[in-house]
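Below you'll find the structures, each written out as structure tokens.
Okay, so chain A shows up in both of these, paired with chain B first and chain C after.
On to the complex of A and B.
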């Protein structure tokens, strides 16, 4: 059973969205995001975590994902370590109907002696005017307790629209 | 090619101009159902993030651009086969065109 913890609905240009309320009441959390559009072409939605209410902006994020493009051209996997955020998309678009929808499961976030783990699935109608599917995982390589998350773009693009919801999975 | 320091200076100028105090549209955070303008610390972080992102795009953006421009692998294999049969060089020309259109930074 999913218990909604927090939500933010963006309808005005916003540089980041923050969702808090993660506690040890749940072991696993689910972030959903839908109808997400960015202000600049070929930009990405990214994820950072909060510890005690403070966002961690250091190079403590590793991630890897596969990209499946509707051109039937499965692109090379993307993988990188020691980043300052986890990438959730690949080259969003600003054209008609170009947007991002997806979800992220978050594990181990409430165990202070462990890293925080994520898995994600994202569906994009990309800047290439083609559908694109992404699946992968990421790790926040800090042994800490996470109490929230932030969604943003790093290169100055704003979030124009989007519905962001954080759920806990009932123990 | 711009250095990270040069890109940081450019990001600083761009983000300073965005501040409402400087007549810009501002950068905003949405937290707990409220939308508010960035604090000075958040503006400072935005400069760092933008400069690093722009530097990465400058250094590595061509890789993604090439991936998107290359034909699917199956089509490339077909091109290679028919180039062998017909004595043409369509596959070589395709690869060369993608590389030329999306050059690696010098």
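On to the complex of A and C.
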């Protein structure tokens, strides 16, 4: 069963979205997002975690994903370490119907002696009108307790629209 | 804050059918839907895929036009990994492969985004697990229905007239 913890509906330009309220009431969390548009072409939506309400911007994020492209057999695998955020999307666009949708499961976030782990899947209508998606995972390599998350772009794009919801998976 | 995965509808395949229409399940109550299908089998001994999803609009019309794009990553137990991309298709393939009941079935989950929003496209993320007499296949995929219209339901379609569905259960939830 999903229990909604927090939500943010964006309808005007903002530099980031924060969802807080993660506690040890739940072991696993689910973040969903849909109808997400950014203000600049060829940008991506990224994820950072909050510890005691403070966003962690250090190079403690590793992730990897594969790309699925409706127009190509190319897989464009990405794997990288020591980043300052986890990449959730790619090639966002500002054209008609170009947007991002997806979900992220978050594990181990409430155990202070462990890293926080994620899996993700997205469905995107990307820049230049391409159907794309990614699936993969990430690790926040900080032994800490996480109490929230921030969604943003690191390259100057704002979030223009989107519905962001954070759920706990009931024990 | 209230929230839940809320049951909307369940339907079982009755008799034999080439298409299964799940109508009037999307509304303004949810932005995201979870569709769980399980135990889909067909009437003949085949080793082939089921075409997949088409969408039904507010006029209860199934869109059979070439308005769908998808990409599916195929992972076979033999070790073969591949991608099936396609644009301008008349369906979204969600990785379903099956057989007659003695030889296999397919089950999986699909998340559907924004179907009821008449100003946006409708998006899909899919996960499937299936077996037929020649392979065991697991997949993850994405799809886009490239028509900005209000979508109220969906169809699971098989285009080969000799491969009717005989078993299967579909359950639709709203992610509140």
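We adopt the following convention: the second predicted complex is superposed on the first by the 171 of 171 C-alpha atoms of A that agree within 3 Å, B and C clash if a C-alpha of one lies under 4 Å from a C-alpha of the other, contacts with A are read in each partner's own complex, and residues count from 1 in each chain.
Here is the rule we go by: contacts are C-beta pairs under 8 Å (C-beta built on N, C-alpha and C of every residue); 3 or more make two chains touch, one makes a residue touch a chain.
Here the structure is a predicted model, which means the values were calculated and not measured.
Peer 1: After lining both complexes up on chain A, report clash or fit for chain B versus chain C.
Peer 2: Here chain B and chain C can both sit on chain A without a clash.
Peer 1: Please name the chain, chain B or chain C, that touches the greater number of residues in chain A.
Peer 2: C
Peer 1: By the touch definition at the top of the document, which applies to A:71: first (chain B), second (chain C), both, or neither?
Peer 2: So A:71 meets both chain B and chain C here.
Peer 1: Once the structures are superposed on A, label A:128 by its partner contacts, choosing first (chain B), second (chain C), both or neither.
Peer 2: first
Peer 1: Of the partners chain B and chain C, which touch A:84 in the superposed model: first, second, both, neither?
Peer 2: First partner only.
Peer 1: According to the stated criteria, A:156 is in contact with first (chain B), second (chain C), both, or neither; which is it?
Peer 2: First partner only.
Peer 1: Between chain B (first) and chain C (second), which does A:39 come into contact with in this model arrangement: first, second, both, or neither?
Peer 2: So A:39 meets neither chain B nor chain C here.
Peer 1: Using the touch definition from the top, say if A:15 reaches chain B (first), chain C (second), both or neither.
Peer 2: Touch status of A:15: first partner only.
Peer 1: With both complexes placed on chain A, how many Å separate the closest C-alpha atoms of chain B and chain C?
Peer 2: In this superposition, no C-alpha atom of chain B lies closer than 10 Å to one of chain C.
Peer 1: Using the superposition on A, tell me which residues of chain A are in contact with chain B and, in the other complex, with chain C.
Peer 2: Touching chain B in the first complex and chain C in the second, residues 69, 71-73, 75 of chain A appear in both lists.
Peer 1: Could you please specify the touching residues of chain A with respect to chain B in the complex?
Peer 2: For chain A paired with chain B, touching residues are 8, 10, 12-18, 20, 57, 69, 71-73, 75-76, 84, 90-91, 128, 152, 154-156, 158.
Peer 1: Which residues of chain A touch chain C in their complex?
Peer 2: Against chain C, chain A makes touches at 1-7, 32, 34-35, 66, 68-73, 75, 97, 99, 101-103, 121-125, 131-133, 135, 163, 165, 167.
Peer 1: Contact residues on chain B for chain A in the complex?
Peer 2: Those in contact with chain A are residues 11, 14-15, 25, 27-33, 35, 38, 45-46, 48-50, 52-54, 57, 64, 67-68, 70-74.
Peer 1: Would you tell me which residues of chain C are touching chain A in their complex?
Peer 2: 1-5, 31-32, 69-73, 82-83, 85-87, 111, 113-114, 117, 120-121, 123-125, 127, 140-144, 146, 148, 175-176
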